[in-house]
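These notes open a run of structures that come right after.
The two complexes that follow have chain A in common; it is paired with chain B in the first and with chain C in the second.
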Partner chain A sequence: MFVRTALLVLRKDVAIELKSREILYTTLLFALSCVLIFSIAFVKQGEPLEDAAAGILWIAIEFAGTLALGRTFERERYAETLRALLLAPSSRAAIYVGKVLGILALLAVVEVLLVPLVALLFHAPLFSAPLLLVGLLATGTVGFGAVGALFAAMLVRARSRDVMLPILLYPITIPVMIAGVRGTAALLQDPPDAATVTMWIAILAAFDVVFVTLSLWTFEPVMTE
Partner chain B sequence: MRKAFMPLLIVVAVLLAYAPVMIAQGAFEQSMGLVSKIMYFHAPSGMVMLVSAIVCGVASALYLWRKNPAMDRLAMASAELTVLFGVLVIGTGPLWAKKAWGIWWDWEPRLTMTVVGWLIAVSYLFVRKYAGPGSDKLGAALAVFGTANVPFIYLSVNIWRTLHPKTTVVPTLPPGMRGPFWFCALTLFLLYLVLLTARIHLERQQNALDELYLALED
Partner chain C sequence: MQVSPPDVTVDFTNVQLVDVSRHFGRRRALAKVSLTAASGDIVGLLGPNGAGKSTLIGVLATLAAPTSGEVRYGGRTATAIGAPLRARIGLLAHELFLYPELTARQNLAFFAQLYGLDAAALVPAALERAGLAERADDDVSGFSRGMRQRLALERALLHQPRLVLFDEPFTGLDDRAVSLVADRLREIADAGAIVVLATHDLDVADGLVTRAAMIKGGRLVADEPAVAGLRARYRAVVGSA
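Right after this comes the complex of A and B.
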């Protein structure tokens, strides 16, 4: 039942998104312009700053993710569909998981665009160890998406929610960002420092466990009026 | 706590006034010289900051699940004190670091995690002030997440090799420094309690005033 509800929420979000493709396109364009601006700022005469690629990849993911989170829940606020969802006789946690899955799917698409773009513009050998890169991106995105979906959902009813989302989300997800950036920087070394990358993936996984548990735990009381 | 406030306030005032004497009497550390005296306020402020963050998180969790308004007031007061003691820690640290490490600041794990914890407390206050209706629950959830950060702050020096002294420093202080250190720790903890009591009382009166206004309008 739990899994079915979560998948239903995910299917609903995907169906709406496939119809308009609004959030997907705006997020992709935002991520693209973000990386372009960074490449103008940090690539001089074809030579990027050392380790810039790792930081910029994660900053772009975090910024684009914040934008997508805000838009996703803005859509739910419109016509009070979030209230309808919460009124449904199903587990709140399942609804939360469905929303998180939607965000993760969206961010995965964004990352598919971002990774080659950063690799190209910053001459970064991101594909030297593809499995480790996928591990870093997956664990990092889960940590960010889990907290992000919780806070974006809570902010639906709050005043000045556009400003509040980054103010809340960034301090909490700084540890995830640090682990992601450091892990990617280790990956970009020649040859890739697999031991260090695996350590950061383990740390990210630990953050994921803490964040997902806390989010599942707090979603119910926080969304109850 | 209200009846204990005045005696507690007097005790804290006396202890604070006597603290410099205690610190001056502490064993003189040769390698660091006078700068080592910062430790007597820096480390206890850090302890109080972490305790305050935990109090804020636990009170917020209780508020979320038990809906006890007293817990909300406690969380609010504790968050403000987390910010205050955080400023003390982050302010006194660089004064010592400049002498010990040769730099004011370094983004090593302990310092980074402390700043993150402090930022979370600041954003809690922002939410409470600007997020409007429902901000109490929003803040409570944020505080619960912030508390998850506390063990990382405490253990960061033991997990990673960092510049910052490890947690084993305090239990292994030389005998001449132990007395003044725990004296200062006690002083700052009592100071925290006094400020907490005063802040909760203020918050309670504010809530009562709000209710009176509402009753008047009805």
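Right after this comes the complex of A and C.
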């Protein structure tokens, strides 16, 4: 029942997004604009600042992710459908998992376009160790999405949710940003510093385990008014 | 996707609120409300705006926890029963719990599956009852308020809940739609459901509800069998209607 409910929520979110493409286009445009503007500032005479690519990649993911989180839960607020989901006779944590999976799917699409663009504009050898790159992006995105979905759900009925979401989310996800940026910077070394990247992936994985567990545990009580 | 029937082992024939209070910070939304509703009852929760009707509906729906007191579903609390209890509760609120981007059919199918029901068997009949069979594949965003309300009603009743909660279900409806919703409400009460209807539309409630529970400032000020002339009674108990 748990997995079925989570997959139903994911499938519903994908169906809505495929119809409207509203969040995907907004998020993509924002992320790509962000990278383009930074490339104008940080690439001088064809030479980017050292490690700029690592920071800009993760800033674009975090900002675009925040936008996607807000819009995804705004959709559930519009006709109070989140309350209908919470009334389903399965674990309320399954609803949370379904929403997180939707966010992750959306951010995965954004990252598929974002990474080659950053590699191109910043002459960054991001694909020199593709498995390590996927490991960094996957663990970092899961950590960000897991915490973000919990906060976005908690704030769905708050008047100042658009302001409160980044205020709550960014301090908590600082470890994700640090690990993501430092891991990506190690990946950009010539040759890539695999040991350092692996260490940062392990830190991100530990963050994911802690925060996914906490979120699953707290989702039901925080969503019960 | 594999579907399984809803957990019908959780059943009850009455719902009892025992000294239920609910505070939001320092604001008291409900104060020691005690009320019992039984199978076949249509209990009208009547009161002015801000009286605590929606909070009470939220507490009954398990969406809000009482600050003190408890709600017993056939003698057991929501905590004791757990998630399967929600398979026996249907809620229709002023906000309709429908995804405007999805079609009427997709909305009903999604909620049917969420309750572990066979969507292919249930959805066509529900669309028929809502009078929307011909608009089944249209997006809900293009529907009128009345059409959405009828669809939302069927969504709330798809899983044949034992406890049916309506929070201002007549808002924005024309006379014909009000009459259709009221008829459906009588039908489900006759079938043995416990119906709790929060409304400030006394004209509709008069002749529809079997019991009147009047709330003012979070307090239950009357709980009595409904009689003709509900407006006059309401005025006497609560104040101006």
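Criterion: the second predicted complex is superposed on the first by the 225 of 225 C-alpha atoms of A that agree within 3 Å, B and C clash if a C-alpha of one lies under 4 Å from a C-alpha of the other, contacts with A are read in each partner's own complex, and residues count from 1 in each chain.
In this section, a contact is a pair of C-beta atoms (placed from the backbone, for glycine too) under 8 Å apart; a residue touches a chain by one contact, two chains touch by 3 or more.
Note that the coordinates shown come from a computational prediction; the quantities given were computed from them, not determined experimentally.
Engineer: Quick check for you: in the superposed arrangement, does A:M154 touch first (chain B), second (chain C), both or neither?
Structural biologist: So A:M154 only meets chain B here.
Engineer: Going by the contact rule set out at the top, does A:K44 touch chain B (first), chain C (second), both, or neither?
Structural biologist: Once the two structures are laid over each other on A, A:K44 reaches no partner at all.
Engineer: Which partner chains sit in contact with A:L8 here, chain B, chain C, both or neither? Use first/second/both/neither.
Structural biologist: second
Engineer: Between chain B (first) and chain C (second), which does A:V222 come into contact with in this model arrangement: first, second, both, or neither?
Structural biologist: first
Engineer: Between chain B and chain C, whom does A:P171 touch in the aligned arrangement: first, second, both, or neither?
Structural biologist: First partner only, chain B.
Engineer: Do chain B and chain C land on any of the same chain A residues, and which?
Structural biologist: On chain A, no residue contacts both chain B in one structure and chain C in the other.
Engineer: Of all residues in chain A, which touch chain C in the complex?
Structural biologist: 1, 4-5, 7-8, 12, 15-16, 19-20, 75, 78-81, 83-92, 224-225
Engineer: Where on chain B is chain A touching in the complex?
Structural biologist: 64-65, 112-113, 116, 119-120, 122-123, 126-127, 130-135, 137-138, 140-142, 144-146, 148-149, 152
Engineer: Report the residues of chain A in contact with chain B in the complex, numbered from low to high.
Structural biologist: 147, 150-151, 154-155, 157-161, 163-164, 167-168, 171-172, 174-175, 178, 210-211, 214, 218, 221-222
Engineer: Along chain C, where are the residues that touch chain A in the complex?
Structural biologist: For this pair, the touching residues of chain C are 1-2, 4, 6-7, 58, 61-65, 83-87, 89, 91, 93, 95-102, 106, 110-111, 113-116, 155.
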